[in-house]
Amino acid sequence: MYSEKVMDHFTNPRNVGEIEDASGIGEVGNAKCGDIMRMYLKIEDGKIEDVKFKTFGCGSAIASSSMATELIKGKTIEEAMALTNKAVAEALDGLPPVKMHCSVLAEQAIKAALLDYSKKHNVVIPGLDEFNFEEEDHHSVTED
Amino acid sequence: MYSEKVMDHFTNPRNVGEIEDASGIGEVGNAKCGDIMRMYLKIEDGKIEDVKFKTFGCGSAIASSSMATELIKGKTIEEAMALTNKAVAEALDGLPPVKMHCSVLAEQAIKAALLDYSKKHNVVIPGLDEFNFEEEDHHSVTED
Amino acid sequence: MEKYIYMDNSATTPVRKEVLDEMLPYFTEKYGNPSSIYSLGSASRVAVEKAREQVAKVLNADKNEIFFTAGGSESDNWAIKGIALKNKNKGNHIITTKIEHHAVLHTCEYLEKNGFEVTYLDVDQDGLINLDDLKNAIKDETILITIMFANNEIGTIQPIKEIGQIARERGIYFHTDAVQAVGNLKIDVKDMNIDLLSLSGHKFYGPKGVGVLYIKKGTKIDSLIAGGAQERNKRAGTENVPGIVGLGKAIELAYENLDEKNEKLIKLRDRLISKIEENIKYVRLNGHRTNRLPGNVNFCFEFIEGESLLLSLDMVGVAASSGSACTSGSLDPSHVLLAIGLPHEIAHGSLRLSLGIYNTEEEVDYVVDKLVEIVDRLRKMSPLYDKIAEGK
Amino acid sequence: MEKYIYMDNSATTPVRKEVLDEMLPYFTEKYGNPSSIYSLGSASRVAVEKAREQVAKVLNADKNEIFFTAGGSESDNWAIKGIALKNKNKGNHIITTKIEHHAVLHTCEYLEKNGFEVTYLDVDQDGLINLDDLKNAIKDETILITIMFANNEIGTIQPIKEIGQIARERGIYFHTDAVQAVGNLKIDVKDMNIDLLSLSGHKFYGPKGVGVLYIKKGTKIDSLIAGGAQERNKRAGTENVPGIVGLGKAIELAYENLDEKNEKLIKLRDRLISKIEENIKYVRLNGHRTNRLPGNVNFCFEFIEGESLLLSLDMVGVAASSGSACTSGSLDPSHVLLAIGLPHEIAHGSLRLSLGIYNTEEEVDYVVDKLVEIVDRLRKMSPLYDKIAEGK
């Protein structure tokens, strides 16, 4: 069902935890739907110096969180903004169709954390305003 | 499906053939329904001295013919008249429900031959008049 | 009886050893439920998907168009009821033939009782439908044409590609019961314009109780068995993993060297046909002489009845059938033989010998020898024959 | 991973060796079609009838009331659609519960789209229906009550005999999905007033893809699969002979020393329950504490999600499930857990460990040890838990 990469990031998730004095924190999803991701960013000079996450969710939610943090760690804000859910899924060697929303959550969690940072620090991040945090209702996903 | 008795009478049918100068001949069934029985009787002094049959039909039709001839050979007309289809079936250790009509045919073939005899020789055989040669439509037999 | 000669391969076939070997681990070791996410479940999932690909490849279909069922009858019922009920807003008319298997006929009759109208096409003396009849039968309300690929009794093969084309042009779904064809004939659902196709594992040396319904992508169809999300939400029930694995392997094997095998089979078949015709009088070959299943031989022997023929053959170690196996408990003569125009009394005396990969020339010759004796014996017992024998 | 611990026996079970041994000859040697009249066919017929008797004996039914199907889902669909469609002139109302298997629920939903009305009874926090609710739900139009014997997720056993009595008194057909009960609980269809009962071979160490529908003599029901005259004209399709033979043997074995086996199983189950409750905080046992299937354990672990629990267990060699196996691809939490009143977020964190005849005390202890570690690890990762851990 899951790729080896997914299983690896699920079993040994990178960057689990919290950042005490985070520059920005974002939380998306809700427990009712079975997944919540919280992302902590430490940003210095427009660069993501550190990133941590906490996730309640299925295997692919945890793996997506882990992979997403790896993909933006040490990158610039612009680079982090450019991270798409597809890129997360691809880096994990793919996710089952019903689980694609997990990668969407990961993308959103990063953007939510960046939004928090931009508000707290009065920084304008291009592209953030357009971003739509309303995820399409993944409960209506059917296979055919 | 069939008892050993049925298979025995099918494989080695008794009294197959014709009687040249038969006292009475009876034929029942029709080819459309898949079975025809023709019964030849040689009657002397009110006794069935000889009996032969020819049958077009399934295994149980042939076995029923064979068994019926055995059961009346050497018997009196009254005894032959008393032979029921149930007795034929029982003597064969039973027939499958869908095949019971074969034993009915055998009973009828004997009675038809006796009727022929009674007409040709002007003998009154009690009970023959009441006998109904219209077989119930066995094509509507269903299992349940 | 020294040996047993099985010539009823259209009724069912033994499971090939290679097939059983593939199945075995899935009973006791790899028994996981394919819906389970742990490794034991995934192993079953992988096996089911491999079988799906094996079937798809043979039919030239996409693997997502292959749905596993419990056999040919379920596939037929599902196809016909599923299309009819889902598309009843578009129309209530179905076209089929008089010579379909009962799984199709009885399903159509059931729908007739429930507001649908069904046209049963005639066939000619060889068992072939007439394409003009088909065209003429189509109405605005026609939503489904269901015509079998090859007949189980007389072996006649229908012009499937042409039927499919007619259906496709008129936007009507086309289902074909290919239970007898799969394993024996080349099938290309795309080229032949087939929307739905039924097949059954036990007809080509796979296991009993497992089949397939091919459903072309985009086809609107109700489920017959609702429940869990198995088979892409279209056919519920824990997958019969060993059965599915066996069907996959069996269909793959069946299409290896198909031409070669068929060449051999057709030679055997034609040998059997000509030897019977040469050695026994008053016989009639049923079905088309050449356009028939490679292993199918079906004769009527006048003046005798089929069951007594079968019993007699069984006594000398030969397994054959009369009418179709499914109805051998029945007293009515085969609807197929009546449809090709045989009178009742002759239709009662039919014999089907269906050859398979294990049959040999020696067996064919033995069967003919025995048939000569048996037919002679039964005819001597028959009140219909003496008139003929006497030259009347 | 040294060993693999299978604790998902409610999803499916391995085929027992004794069962497979009985099945094997019917694949390759005794492969005859049971409808065929020759000896090879009769051998299959005899085997099928023997299995029918084995099933009848366990249920206290007559052998003519046992009909073989392709599994629990087909049996459920057949029972419900077959009764509804055949008796629609008498009424269009069906009563069921909110915690049925999807094979029942989706079939009921399908009928709702086609003119039937369905009442879905609530259950209490233990998963039990209320008999007064049932009585109150009955109307003049009620033709069928379908209530499961024991729940596949939480194991709760319904008061079947009382339900049957209510149905019988009102002249309403009573069907029970006993897929999880058969093999584990004593069942007497006569004493329990059951008119129709579904069971599935692979839940009690028999093969997948074969099941039974018990239909009380005289019950008016349409066929789901029409065609050949198999199963007394009620369920068409060449019989899955090896599967049927396997089911017969498996059910016979399951009811040998049932009390003894259950005593052992219940001891294991209760050990597992108490050890989890002793060693892990914030857990909730789902289902009735005592009136439950002997092998069923179902817990919610707060603050974590079920699938990640399953994956983690798989990594340490333990097979378990969350929700029902059939829906493990789904994103919605179990309808059963919602029906017993759990909020969505807790329902997402459920784990079912279903014990079977091969599980041991050592395995139970190992699983608890591993669970402690895994739950701890996942909770540390959970954004819901830190608030709790901080005492908020």
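Order as written gives the chain letters A, B, C and D; numbering starts at 1 within each chain.
Just so it is clear, a contact is a pair of C-beta atoms (placed from the backbone, for glycine too) under 8 Å apart; a residue touches a chain by one contact, two chains touch by 3 or more.
The shown structure was predicted, so the numbers you read here are calculated from the model rather than taken from an experiment.
Peer 1: Comparing the two chain pairs, does A-C have more C-beta contacts than B-C, or is it the other way round?
Peer 2: B-C
Peer 1: Tell me, please, which chain's centre (mean of its C-alpha atoms) is farthest from the centre of chain C?
Peer 2: Farthest by centroid: A.
Peer 1: From the C-alpha centre of chain A to that of chain B, how far is it in Å?
Peer 2: 89
Peer 1: Using the average of all C-alpha atoms in each chain as its centre, how far is it in Å between chain B and chain C?
Peer 2: Going by mean C-alpha positions, chain B sits 39 Å from chain C.
Peer 1: Chain A to chain C: how many Å between their CA centres?
Peer 2: Spacing between the chain centres: roughly 55 Å.
Peer 1: Could you grab the centroid distance between chain C and chain D? Build each centroid from C-alpha atoms only and quote it in angstrom.
Peer 2: About 34 Å, centre to centre.
Peer 1: Which residues belonging to chain B are in contact with no fewer than two other chains?
Peer 2: Not one residue of chain B touches more than one other chain, so the list is empty.
Peer 1: At which residue positions does chain D touch at least two other chains?
Peer 2: 37, 229, 307, 311, 329-330
Peer 1: Residues of chain A touching chain C in their complex?
Peer 2: Listed in rising order, the residues are 1, 142-144.
Peer 1: List the residues on chain D that touch chain C in their complex, please.
Peer 2: Within the complex, chain D contacts chain C at residues 4, 6, 8, 11-15, 17, 20, 23, 27-29, 31-33, 35-41, 69-74, 76-77, 85, 101-104, 106-107, 109-110, 114, 200, 202, 207-210, 222-230, 236-243, 307, 310-311, 313-314, 318-321, 324-330.
Peer 1: Taking the touch rule as given, give the residues of chain C at its contact with chain A in the complex, in rising order.
Peer 2: Touch list, chain C to chain A: 37, 42, 45, 64, 229, 232-234.
Peer 1: Inside the complex, what are the residues of chain C that reach chain B?
Peer 2: 303-308, 311-312, 315, 329-333, 343-345, 348, 380-386
Peer 1: What residues on chain A touch chain D, complex-wise?
Peer 2: 2, 7, 10-11, 13, 16, 18, 27, 31-38, 54-59, 61-62, 96, 98, 101, 138-139, 141
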